[in-house]
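Down below are the structures I want you to see.
In the two assemblies presented below, chain A is common to both, partnered first by chain B and then by chain C.
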Partner chain A sequence: MKIARYPGLLNFMNYRYPIRFSVLVVTALATYLLAPIGSETYGGSWVGYLLGIVSALIVLMLIWYGIAKRHLPRHRATKPGKRTLRHRADLWRSTQQGRLSLHINLGGSLIVFATLHTGFQFGWNIHTLSYVLMLMTILSGFYGLYAYLRLPRLLTRNACGATLDELRHEISKQDELARAHALGLSDEMNLLIRKARLETRLGGNLVQQLSGRQINCPTTSAVRQILKIGSRNIENEERGLLRDLYSVLLCKESLVLRARRDIMLKARMKIWLYLHVPLSIALLAALLAHILSILFFW
Partner chain B sequence: MDDEHFKIAIIGAGPAGMSAATRAAELGVSHILLEASPHIANTINRFQKGKLVMSEPALLPLRSTMSFAAGLREDILHTWQAEIIKHRVNLKTKAAVSSISGTRGAFQITLASGQNIEAEFIVLAIGIQGNIRKLDVPGEDLPNIQYQVDDPGKFINETIVVVGAGDAGVENALALATQNHVILINRQEEFSQCNAANFDKLMLEVTAGRIETRVSTRIERIYPGTESGFPLVLVAHSAHGLEHTNCHRIIARLGATPPRQLVESFGVHFPGCDPTAVPQLSEQYESDVPGLYIVGALAGHPLIKPAMNQGYEVIEYIEGNPLAPADELLLQKKFFGVPGIQSVKDGIALVQQTLPLFASLTTLQLREFMLDSAVHVVPKGETIFKRDDYCSDFYSILSGSVTIKSSHANSETGSFLIGKGNFFGEVALLTGRRRSGTAIAGEGCVLVETPRHSMLKLLHSMPEVNRRLDDVAIRREVQNSLDSSLPDHEFEHLVKHARFINYAVGETLFCEGDKVDGLYLIRRGSVTISRKISGNEVVLAYVSAGNYVGEMALLSNTPRVATVRAASPTDVILLDAEHVRAVIERNTSLRSKLDASYLERITVDALPTDEAFSFSRLVNFLMKNGVGEATDVLLIDYDRCIHCNDCESACAAAHDGVSQLNREAGATHAQIHLPVSCRHCEHPHCMKDCPPNAIQRAVNGEVYIADSCIGCGNCQKNCPYGVIQMTTSGQYQPSNFWQALLKNATPAQKPATLGPAQKAVKCDLCQGIDNGPLCVNACPTGAAFRINPEGFFQKVGREVDLAERMAS
Partner chain C sequence: MIYCLLIRLSHNRMGAVARKESILSGDSIRIGRGVPCQLRLHDTRVALLHATLKHSKDGALHIGADGLESIKINGVTQKNADLNPGDRIEIGPYLLIVDPASKGPYLSLTAELTQPTVEQVSCPPLNLDALEINKLKIGMMLAACILFLFILLPLLPAFSPALDKAQSSLPVTLRDSWNPGHMSSGHRALEKQCSVCHQQGFRAVPDKACKACHKNSEKHTSNDAQHGVLFKTLHCTECHRDHKAAAGLMPYDSARCIACHGDIKARSAKANIPNVHEFTRDHPPFRITLRGERPLKVQPTPSLREAPGLKFSHQVHLDKRGIKSPEGDTVLNCADCHRPDKGGFKPITMKQSCQQSGCHELYYAEPADGTVPHGSELEAMNKLREFFVHWLAASAENRASCGADAGNQLELALACADDLARKNAATSLFDKKDGCGECHEIIAKPENTEVPWKISPLHINLKWYKNAVFPHEKHTSTECRSCHDKANSKSSADLAMPPIEKCRECHVGDRTTRGKVSSACDSCHQFHAK
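== the complex of A and B ==
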């Protein structure tokens, strides 16, 4: 059932930003193609300067978002007063969603502005470095957008209303059950269960979190091992115990997989910010150097 | 032994008795204060250690030689002790009175020790706590049977039987269960005597196996245990026959009643045979034995401050000093500026004569009532409240008139004038919803405005007022929800044959296939309409107070086509089918109105089935989680939520570092997540029991806790959704930009669990903050949104409707 009350990030306020920015982008393209370029290098032309100034302003606006996002309102009126009704046009300013939508569209259009600004003249210098840093920042942001649009749904489907802590709790309960069930079985079996209990890992280092797997997961191998043992010739009583243990372990395995997937999806949803923020700071520094070098040495 | 002679003998050194004695001492009247226990204020002495003692009613001034203000039990007792000594009160402890004889001027008091005391006047201030109900079975006086618990932490690893499932019993059982094995015995079949919060906690403990309960169980006898380790054996009759239970301790919490036998032996008469009845007294607290005065809890005033005032006043009366009541000045202010009113007496008389609603109140009760209310002289044309405002004060018209415009914006009917002696504003009071109309003052308008809290208290305690209010209110409700253009006699006809029914959550009003019994007007609460579709009950619609259900089958004269269930505690007016049909026959306008809503419902009925199923499941989920009684609830679309917790951080940053919502906790259905946060209920549970009345609803609908909160924690206990926290304020250090940059956002501070000045905090919908509510505005992906159930269900209904039309 669809109950989307608020528009999404992309279609915020009836595609207000995509429409406005495509107009700007088309204007920029037209200017670039139609404007006469003299014999001097491209960066020195008025189109080049104009596009450069616009791009720099956009970068500042993009970084302003990062600051505004972290600057939470603190003031608090003591007396109950009527809330001022928000005007629709103010939505972008007052809601985080509006600001993010603007941020995304600005970032997207910046690729065009900045690329035109380069005039396709690249080299091993600070100017190209800032351009590359900018592209990397924007691309990491695009991955973020993809993650924000795509992963929450997967996360919700995977969690089925349970939190990670609840899953962990459930897993340890299954571990305890498995331990109890294994008591009547062979030492080999008990060792297997012990290994599965102590060495099954959720999360781990960055790569492990992002992959959502454990190589040679002891729980999975225990499940396989039981199947193997079960196919041997064993007594009926033991077979019954084994069957119980198998179902407990299967249950645990599915919980473990769910928990790992939960961690994986959350990690994938966050990882890009660790690139995006440092890259944008690096970009700011490179941009400053680029502008200063132009002002002093061009 | 020599007889001692005094002018006034005061019996009982509780707040009332001490206050009387100190006043007598101050005036230099010969007196004696007799106390059965070894110390003053025995009842307060037995409060648990460190308990905060309230000073209610807050508005009433204290009139006593002694001082008293809300504070810790220990401080209050200490102050009183010092004041008794300072004023040289003639206090005699361990002096239990065994009999009183004689009359005014010559009373004989005999003490348990055999000593006799003569007195001209007696002030009886013995309260009711000395008469705790006992088990009344053989063996009730064995050691280890107790009737109170000072410190539940004292008992460890014992098997303890708690008898009595009132609040005291349940609270004891809950406190003891942390370290002991507790068995709770209830004489009744259900746990209905304790409040809802205690009930929920008890059920939680019972399901977790920490408390064992025995219902429908009557105690037969108790005998000393023979088995090692268990000093007591309890024999009880239960549904399974006689049961023997070994235990270490029995705690009986059976309440207290006025010590009727004792007081009757003094010659005082009680009205009726209800064990909780109190003796009848004159306005000067004199009983039907001349010269014997009764004050305090035994006189029916169980609060400390009024009892102390009475103690003071009774001495003045005995001394022959006419004394205006303590509230005189306050009431004078209330009536100030009202044309034609010179004194409080005039004012009270005017209220008594003009407002038939309050005719059954005595002068004393009316004074108490007016203390809470306000009198307004309203200039002509001024708006008293607007339609769709959230306020639930109750208004009575002392003079002049008021115009009520109850029409919807798009219809022209529904404006009527009400005059002197009438009341208005009862709909919002009863339903807990927005104002259904706009009230505008007429010529010479004088109003009495009564706050919701006081009005509800009055309605609960005075059935006669409730009945009179209902008589008028029901007529108005029928008028509003059906068709206000019907002639008056038709309404009389309908109302005369109406029935009133209350439903608990989940109870059915009627089932699919039932015979038609009438038209159901929903007075309070809300219902869901459902039908059986391929074997499953599918919810089709949600209907809130002020509307009606059951008209479909009534009009088509067929069995019920749907099942209607209460989604929150619901009151309905059932209009008899025969009479409604008769009225419809005679009035075409009602017919067309009912027909219109009939058609509207049919469109909802024709939903595509899988849509209907998922809608139904969602409604069931929301109803199960109490959204039915909400007015503004935060939901999170988990298909968009990136789990950044910016909602919590923003909330914390705006509220002294304490987030008032918990995103991760709470229930989820499909992609809809219901975080733990306030849903601003129609009838807020938290408001029920707030001593300083600090929880209020603002005009915009937000339920907020004002600064007058005393941190008693009642609201936290009463909230069934666990959204109220107790915190200490002023410890919040907002992080600066650079800290925030590294941490993504300000982390929510964990609320302190214990602290000196705790206060209750909860969501106030970001009251007074321009960009509120911040939880919604801080969400970067638009996953968080706030709804009210009505709008939500209408919206979903419309979307479905639209989808269907596009398909066809």
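== the complex of A and C ==
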């Protein structure tokens, strides 16, 4: 039985775009390296202008992808089964995956084109700022690609079929159980459990979500404290309660860690867009300033 | 023994009352949140063992708070109290009401949580969307900052010359961000004055901006009209690109030269120079410029001689055994006479080179004495005449020898001195083999009454290549004689200029070759040299 190979972002249409853009990149490198000996290899030379124009067009195409994806209606997919030229040409436009594959490969090749365009001359100016913004935008995009390829698997593995709401519900149930168990114990223990119930934090601000941790997590410290208290000389009745409470808290801690990891992975999957989009807009402005300055001081 | 019917009342979310009954019995009933208590009140505001219900000595039901705890009975905080039907006992957040029907050991209690804990559990954002960060807004703000700093501010000086002047003296100017790189060292002072060169927006730097300072820049061809035709569309900035810091202004680019000189006839039909593409491939043989009566540009051949007008043997002077001098036999080296100077050599002079260490001192022949002044025939003759005037005045015997002791003595003496000086000069000073004739060609000039001889003018060649420069200072690692073989030269007419093949032993054109020195056209040639 032939198993259908699911087309990925990178191997879309049998590595169509990686192959095409590798050829372009090699051509650009060859042009740069084999330009007449002694000729200037910076943005102001003919090689530089050529690479600069190509790079600027690529930037516009990349930004257009972001606009079209969000604001333009999608192309209607052509009927399957037809292998006409038109069908093949329409395929990349008709599928989100095809367009994204093109977007990624264009971005990757832009690093080479723009770096050669700089002629490796950098300074504290708008020209280098444009280049740095471009690099940051592309690298944030590459992180996004990594996140989309890698993190969903980790997310599924971590969630084990449970949603975040289910996890939270389970945590509150464990909290209630812990509260009930603690009532038969000392005030100190009740305070500990109360703190674990009220101050254990899921999510939070940007850094807290991305880190997936809580410094001095009350639940974790409650688990440790119970172990310490358990080692003291306590009555048999309390010992049984303590054991039950310990198992409840352990269960809660594991749920909390899973919930935090869930939030962390989701945040890490999305954070790149919070860099990619603003940096793209800033890059467009910087590119405009770069081109204007070159034309003004021709 | 106490028998207690406990009725627990609770309220669900909708406010409906739920009722749960249970029977408690015992000699005493412990009330608290702890496990050993029969009546457990599930709240942390209640102590583990808060109070105990028991019979008093007189048989009545009595409630007493444990330890430091206290209870409120009918609104009054008390430590101990007897219970009566209808009493309202407040223990922490719980209200216990003694049923009015209670009698003796049969107690009926209604327990209700009247002050539930309201716990505020905070719920921070669980995903990035909940943080409400507007990506578009951040991007627009960044873009607005960039447009303000890097477009609006740098453009402002273009609208106001006064602002342009004022901002150029700031440590960071409005246009610094547009500067693609530091300027060459010569132009560094103009780095903050963009408008000195960039006189008009969206226009290239005009030639007049360069020529405002570089007034004496030579044209490329000797023919001004031809230069105008050939380079009509070529502007200064097409070759001299600034803002490249250490790379400098000078183009190190043979391609530009070859673009024309690769097919020079196509550019100028009148051109009389061959095509050149690469130094080792098709650069024409060197042509040297010979000085003399008429400068001559020729290709050196073994039989070619020049006419410097000087008798000089390099062989004698470079004898390995040394040459006689007042200080004994001295071995001379090339640099003893050819003293390096910036870009070439210091001129060889009689005093500095030939008379060093006392060599070639010039003396008059007897009876005259004293040193001969070098450089002027007239001066040498006048000094000789002066000697003979003194010689005649010194003794009557001398005067008698030429008949100047009678008549008009002064005129006779002067004529006699002149005659004696001429005779002396003819046999010594201006002799063709001795005196000046040892180094110079002597030309008889009988028509010249004052000095009837003339030293043939010298044509010492200082610039052999009209259109090229040879930096000797860059070639100090090689010996002089490896290019100029003068060790066996007996005449100064011998040429010792190396052919192009000599240069090609080390140099190649503008390309990388192992073991060779890459040399672009501008290593030897200058564009701005007629």
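Note that the second predicted complex is superposed on the first by the 270 of 298 C-alpha atoms of A that agree within 3 Å, B and C clash if a C-alpha of one lies under 4 Å from a C-alpha of the other, contacts with A are read in each partner's own complex, and residues count from 1 in each chain.
To be clear about the criterion, a contact is a pair of C-beta atoms (placed from the backbone, for glycine too) under 8 Å apart; a residue touches a chain by one contact, two chains touch by 3 or more.
Bear in mind that the values here come from a model prediction, so they are computed numbers and not experimental data.
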Between chain B and chain C, whom does A:Arg153 touch in the aligned arrangement: first, second, both, or neither? first
With both complexes overlaid on chain A, does A:Thr163 touch chain B (first), chain C (second), both or neither? first
First, second, both or neither for A:Asp187, with chain B first and chain C second: second
Output check: A:Lys266 vs chain B and chain C. Expected answer is one of first, second, both, neither. What do you get? both
Please indicate which partner A:Gly203 is in contact with in the superposed arrangement: first for chain B, second for chain C, both, or neither. second
For A:Leu100, is the partner it touches chain B (first), chain C (second), both, or none of the two (neither)? first
Which residues of chain A are in contact with chain B in one complex and with chain C in the other? 266, 273, 277
Where on chain B is chain A touching in the complex? 611, 614-615, 618, 637-643, 646, 649-650, 653-656, 664-665, 667-672, 696, 698-700, 702, 704, 707, 734, 737, 740-741, 744-746, 765-772, 774, 776-783, 785, 787, 792, 795-796, 799
Inside the complex, what are the residues of chain C that reach chain A? 33-36, 40, 42-44, 48, 119-122, 124-131, 133, 135-136, 138-140, 142-144, 146-147, 150-151, 154-155, 158, 176-182, 194, 198, 201-205, 241, 244-245, 247, 251-255, 510-512, 520
If we count contacts the way the header does, which residues on chain A are in touch with chain B in the complex? 1-9, 12, 67, 69-84, 86, 94-97, 99-100, 147-148, 151-153, 155-156, 159-161, 163, 266, 269, 273, 277
Quick one: in the complex, what on chain A touches chain C? 36-40, 42-44, 121, 123-127, 129, 164, 180, 183-184, 186-187, 190, 194, 197-198, 201-206, 208-209, 237-238, 241, 263, 266-267, 270-271, 273-274, 277-282, 284-286, 288-289, 292-293, 295-298
